[in-house]
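Below: a set of structures, written as structure tokens.
Look for chain A in each of the two complexes below; its partner is chain B in the first and chain C in the second.
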Partner chain A sequence: MGFRAYASRRIMNTIIILMVTVTLQFFIFRVMPGNPIAHFANPNLPLEARKTLLEMWGLDRPLHEQFLTYLYNLFSGRLGISFVSQRYVSNELLERLPNTILLMGSSTVLMIILGIHLGVSAGSRRGTKTDIASVTFGLLTQGLPVFFLGLLLLLTFAYYLPIATGGLINFPVAGTVSRPPPTDLPGYVLDMLWHLTLPMVTLVVIGFGGYTLVVRNLMIDALTQDYILTAKAKGLDTGSIVYRHALRSILPPVSTMIGLSISGIVGGAVITETIFSWHGVGRYLYEAVLQSDYPVMQGTFFLLSLVTILANLVVDFVYGLLDPRIRY
Partner chain B sequence: MSRILAGFMVLMLLQVLYVGVCASGGEDSSTLPVKGPRLDEVIFVFHATPEAAVAAIRKGDIDVLSDIYRPSDVRALSEDPNINVTFSLQTHYCYVAFNTRKAQLSDEQLRKAIAHLVPRQEIANRLFEGVTVTPMLYETSPAFGEWHNPDVAVYPYDPVKSKEILSSAGYGWDGDGRLLGPDGKPLGKITFISPTQEEAPTSYEIAKLVVEEMKRLGFEAYQEAVAFDTLLTRILTERSFDIYFLCVSITDRYPRWLYDYYHSSLDVPEGENTPGVRDQDLDQLLYKFRFESETQEEARTAVWKAQAKIADLAARTPVYSRYQIEAYRRGWTGMIHHKGAGYFTTGAFWTYLNLHREGTEAGGTVKVDIGGRVRTLNPLYVTGAYEQKIVTLIYDSLLASDPETGEPVPYLAESWNIEAIDIGGAKGQRVTYKLVHNASWQDGEPFTSDDVKFSIEYLKKNKVPTFLSALERVVEVSNPDPYTVQVAMNGTSIFNLIDVGGVLLIPEHIWRNVSDWRTFQPDREPHPFKPGLTKMVGTGPFILSEEKPGEFWRLRSNPDYFGRLTGVRLRAEEPQQPSLPTQMQVVVAVAAFSALIIYLLIRRRRNLNSQRRLGV
Partner chain C sequence: MGLAGLAILMFFLFISISAPILTPYDPLRDKFLAEGLALPAWYRILPQYRGLPETMDFTVAPKVDRENWNVTIEKPFRLAGDDPLTLRFQTIEGSSRSGTGELTHQFNYQFEPPLSFQVNTTLNFETVIGSVYQVDFSIVDPDFENFTVWSSGPNTKPSEPLQLKLDSKGLPFEYKSKMGLQWYENIAERVFSKKGVYTLMMRLQVEGPPSGQADLKVTLSRLVLHIPGRVHGALGTDHLGSDLLSQLLYGARVSLLIGVTASLLAVSIGLAVGLISGYEGGVTDEAAMRLVDVLLVLPGLPMLMVLSGLFGRSIWNIVLLLGVLSWPGFARVVRAQVLQLKTATFVEASRSIGSSDWHIILRHLLPNVLPLAYATVALYIPGAIITEAALSFLALGDPDTPSWGRMFYSANAFGAFQHLAWWWIVPPGIAITLLSLSFVFIGTTLDEVLNPRIRVRKRLE
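Showing the complex of A and B:
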């Protein structure tokens, strides 16, 4: 089977998976316990008003009609209207996506670079202090609860140190920008980077260990292969052997890991976003689940499914480029 | 020479008189309890966790923090020399409710016996460290002032009394101490449903404490922890519960929610009469209070009797009320206490008019923690307390509430008159509101009776849920002149005046072109003719000048506010619309920066490799 046939089969599979996911996403939320109207249940909103809300949200219509409306909203690109804010879900997502991509994108890139670099160093120096330190540090940070590390960093760098140093070290306690932010572009960018630091460090510290451990083990295995022996016999320097030969050979499984983390770049990190009051997709989804805001849950999960499924598709196609042994 | 001097003196006198007339006509004509605003700006900021909010006020990033509920935070803030902490009684309360539809719990005496088993003081001390809540015995708290009846049956924690009640009602105990019904048979299982420990730890513990007390008295009692959503569905929709515990925040200054909670017409799925109370006498009293009282005294008498009846029925038993705990950094003055609310939180409108720095008469910016997620600023769709903090400073209504008594006071309506009328053979009322002459919308358009008529008719025609109940008895609205509005209403309730008087007023010139009020986001759309403004235009003391959703909302003082304080100079220049870069620009800039770093790293590695290859 050639690449074209393989690609068309994979694309068909992807479309089927997407349709099944979309259908499941509608029905799962309907059978979940909870009732959106219950969140408005207080004496200030009488029974008649709550009935009107149900009509407004379309929840008084039969299930099949709701399903068709849901499909229409998904494929029209607006993803429905949030029960809670009465805004189009697509608009609300677009408002948060840049923040999430900035936080998750930068931290994912950094954790991949740091994790792979440490993993390669540890794997190519097996049994040395570098190896032991990388493995120990990787295991330790990976096991840290994110809320603990986040709060620790927040209170240390945004509260205690600013007071102790008279404001010399002073990170913000909340937000993606100062309130109000600088009005010039360079100032605004620097201000945003300043706000990005603590949440990004939290995510990188928590996340790089996984890459380090996997890459280290793959590297140890790769460095025992015959082609590495050949490379050494050819008199290649260590850097070339490690990075051009060994690392290249382990890229397919590493790219799978990276592919799986791409949906996280869009989906955000609920706990980190909450601790640092980061206006992102993760917290948006979390609040929607708490409030049974069906359109938001459905729209956000649709986006996440789409990105995950597409990322897997791309990774499958990229395999062939990364590993010439793979034939379609 | 003397003629010239005399002429000059006359001119000066005329000028002084002219200035005096302008000042009184333009600024001092209203009779508001407080005038202002004294502040240049109010910035509401969002913190997603209490840790961040507490750190922010202690660090000086914000000036005001409301809704503090964790005892540890109260202690930390109280010990901080730069911060003042205030405690106010509020209209919030938590209760244990019984399902009177169930066989065992239909017995009033059994419910009273269980009510005596709620260890309120222990709950306050153990779960809230004796700091953030006050035990409560009355359904209507003293924060309701004259509407609170202190002379009703109460059920303080007293297991001995509980046992006595059961004995006198014919209940008994078998040899193992199990409670037997009046028929001599075991009473059967009673389940207390609560949220899970992870979701709501204090509610879970309260249920556990009450169940333990019940078991000690021989009840076959169990606790069933369920997801909060499931709990609400079982209570509100399915009515499948024996006992539950829940808290509610009342925003009304009058105990009108008692009608929703106890009138038999609301014992329907999704209705608030969750215990299933059906009592004709109570129905009549509540109806009289809510819809038929022509005077305040009449309403008060009816609701006092209703409260006594409700206490006798013991279908709900109050447990505690949370204090409104607020903190502000020292250096601020002019806070006004609002009965049942506090100093800064939702409903504390007058504080923002009078707040200023100590030692100055006016000016400055106050930064206030908003308290929670602001979901929308569409004034018609706002249901959350956090959005209300912003919306109430921008939009106004005809009447306001006196901060201390809660009574209606003149606001955009400087006076009113109520007359009895006949509507299709039934009793009705016509309320005539006389509007102030010096109010205008924040975009400069005059505020007239057309806007009031439009607002009431628009809200009623579109069945806007938040105002549905307040306007349901409105029959007709007319405006005989630009400063007079007449509203004909069914019934003769004293609440007719307040219901219409409390409705939020929207500008006709903005809203008449809105295609769908539900999805309209006035804060996100530019004003049609006033640069620098959005369509979020009210008559209130503050103007929305900037916002970054999920981050902050900046309000500047309205220089044309009709209730302005005379002689106070504010920084009332035109809004400086900041040339904020778009988020996409920022993302591109940061991506370019990251790419540069990665490129430099790769280049460095290549250099190192080359050096290694060359044996350097």
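Showing the complex of A and C:
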């Protein structure tokens, strides 16, 4: 069959999933309790303005026409106008997307690297102190709720420690950059990194545990294979065995996990972004839900689903490249 | 390790069942047990907090405690009756027309000043003939400085019952200025600023007409001086004065209930879908798997947020949503297992003797998938608990249910940070973490026992 057939099958699958998701969202936001018209035209506007808006959005047409218009709008990027800020949803999303990707991307990369490294060293040294320490630490941090760790870190590093050390250790309480932001580029970057520290640490601490435990189990399993015994008999040193043979063999399931993490990047940071007031997509959706800002809810939700689906597709491709068995 | 997990789980089950015995307070409805954001009682071990007051009541009602209360009457009135706290003033011929009756109660206050105090009383005027009166309530501090808390004003006549619910935080400015306080100063801090013997005083001044009889009968129903404490209980109070320990204990119930119910729901649906789709195959299978794919691809927490926002915030909505969004993952696993089992010989044998599909599914396939289901229920419970806590923290949970997530939400929204009230934030977090940990321990141990491959091998590694 080959890679091309596999790829085209996955793409077809993805398109079907995307269409079903979009349809599902269409119905969710329209068939919900409450006045569906209120979802598009701010009920505080006078009647004439509402009628004009409704005509503009085509909401007085029959349902199937609405659906086609909805699809057209969605895929040409017209996601609506926020009730609260009166700006285009797409513009606001574009503002916030880089921040979310920065936070989630760096956290995910760090957490994967840390988790895999700890898992490998724990698995290859089963029963020793390294193993027990890694596993215990991983277990403990995995059970922590995200918001609890975030609140604790915020409380300690942004409230208690600055008070206790008189401003020596001082982390920001909120935001992505300080107000006013530094005007020079190195200062700006440094400032952003300073703001990035606490949320990133929160996400990494919570996330690495899962990787550590799974990779450790996989490593233990892989090291019991016969070809490892052969390698040992051949006289290879432990480093080679672990990193060149065992680790390679466990890559497929690990890349599935990585794929899941990556596709969860955009949607996964809602709580962290809210606690640290990070100017990102997750917090945007949260505020929209609180304020019943329906265009924003719909647009953001669509974006999140789209990114997740696309990420899944990319992961499927990579998986296909890595593991020849599934292509044929 | 599994034993540790089991022990922790047993502990939480115990406190969730015996919560009403362990704490007498209702977690959300018993408000104003003490000042808002009161410290935990054990804080008083530390020297600088030793003097903080607990919630105290000094009550007189309806029987007057002759030892602690004094009634002094100035002539010419005669105090009549020995009824509990009924004072009767009648003029005596031939003397001046006015007089004073005082009711005092002395108490010893040895604590730091409270943040507020309340005075509640009801006076019933049963007979007012031909006289006008003035009633004052005041507190006298150990240095005999008199603070008037309320006065009815001179020449008051009406005989309706007087019901007073005074709060030191809400006293009109005229009282404050009479005490010599600025408008921003706290009355309670000023009044109770010294340690010693205080006097709570009610004074009734009566003036009779120039000629004729004067008769005044007053019944005092209650007189309570309530001082809300600045420490309370094992974990202090929240901003409305509700006991935090009760919230923690009852929260165990709620969280466990939600976790178990949502998890059971998700696993049941997943089991059903996985079994049927895996066994039937064909179009049913394809359709089900597409649905599973779609549900898996939707981002979890945003979906929950949006649906909570649309459907309303009740606890059953959350359980339902959690169940409905978690079943696809398990359905896939069940389906894979069923596909494997379908080819087994016992299934073929059963079909060859004419068993119906349902019989095969229920009698042969289901028992083989059940161990997986049990393990998955245990695995999903902590996830459900944490997700519910996250939703409540984001203010999308049920505000009437005392869950741990709601404790986080109140802590964040009502000033735990500003007051550095770590005893509000840390206990529920530790509780959630311990509970998740216990399930993880149990799950890991089960895994090590059931999965032969990662069992420790005795031979060389």
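Keep this in mind: the second predicted complex is superposed on the first by the 282 of 328 C-alpha atoms of A that agree within 3 Å, B and C clash if a C-alpha of one lies under 4 Å from a C-alpha of the other, contacts with A are read in each partner's own complex, and residues count from 1 in each chain.
Here is the rule we go by: a contact is a pair of C-beta atoms (placed from the backbone, for glycine too) under 8 Å apart; a residue touches a chain by one contact, two chains touch by 3 or more.
Keep in mind that this is a model prediction, so the values were computed, not measured.
In the superposition on chain A, contact is made by A:180 with chain B only, not with chain C.
With both structures placed on the common chain, the touch criterion links A:52 to chain B but leaves chain C unconnected.
By the touch criterion stated above, A:84 is placed in contact with chain B alone, chain C being left untouched. By the touch criterion defined above, A:274 reaches both chain B and chain C.
Once the two complexes are laid over each other on the shared chain, residue contacts for A:256 go to neither chain B nor chain C. In the superposition on chain A, contact of A:66 is made with neither chain B nor chain C.
When the two structures are aligned on the shared chain, A:113 is found in touch with chain B, with no touch to chain C.
Touch criterion met: A:96 reaches chain B, while chain C stays clear of it. Looking at the superposition, the partner that touches the larger set of chain A residues, chain B or chain C, turns out to be B.
In the superposition on chain A, contact of A:140 is made with chain C only, not with chain B.
Chain A residues 32-34, 151, 154-155, 159, 274, 292 lie at the interface with chain B in one structure and with chain C in the other. Chain A makes touch with chain B in their complex at residues 32-35, 37-53, 56, 81-82, 84-88, 95-96, 98-99, 101-102, 105-106, 109, 113, 151, 154-155, 158-159, 162-163, 172-177, 179-181, 183-185, 188-189, 192-193, 196, 237-240, 243, 273-279, 283, 287, 292. Considering their complex, residues 13, 16-17, 20-21, 24, 28, 32-34, 126-127, 139-140, 142-148, 151-152, 154-155, 159-160, 213, 217, 220-221, 223-224, 263-264, 266-268, 270-271, 274, 282, 285-286, 289-290, 292, 297, 300-301, 304-305, 308-309, 312 of chain A touch chain C.
By the touch criterion stated above, chain B contacts chain A in their complex at residues 43, 45-49, 51-53, 55-56, 58-59, 61, 226-227, 229-230, 232-233, 236-237, 248-252, 257, 260-261, 266, 268, 270-272, 367, 373, 375-376, 378, 381, 383, 463, 465-466, 468-469, 472, 518-519, 521, 546, 548-552, 554, 578-581, 583-587, 589-591, 593-594, 598, 601, 605, 608-609, 612-613. By the touch criterion stated above, chain C contacts chain A in their complex at residues 290, 293-294, 297-303, 305-312, 382, 386, 389-390, 393-396, 408, 411-412, 417, 420, 422, 425-426, 428-429, 432-437, 440-441, 444, 453-454, 456-457, 461.
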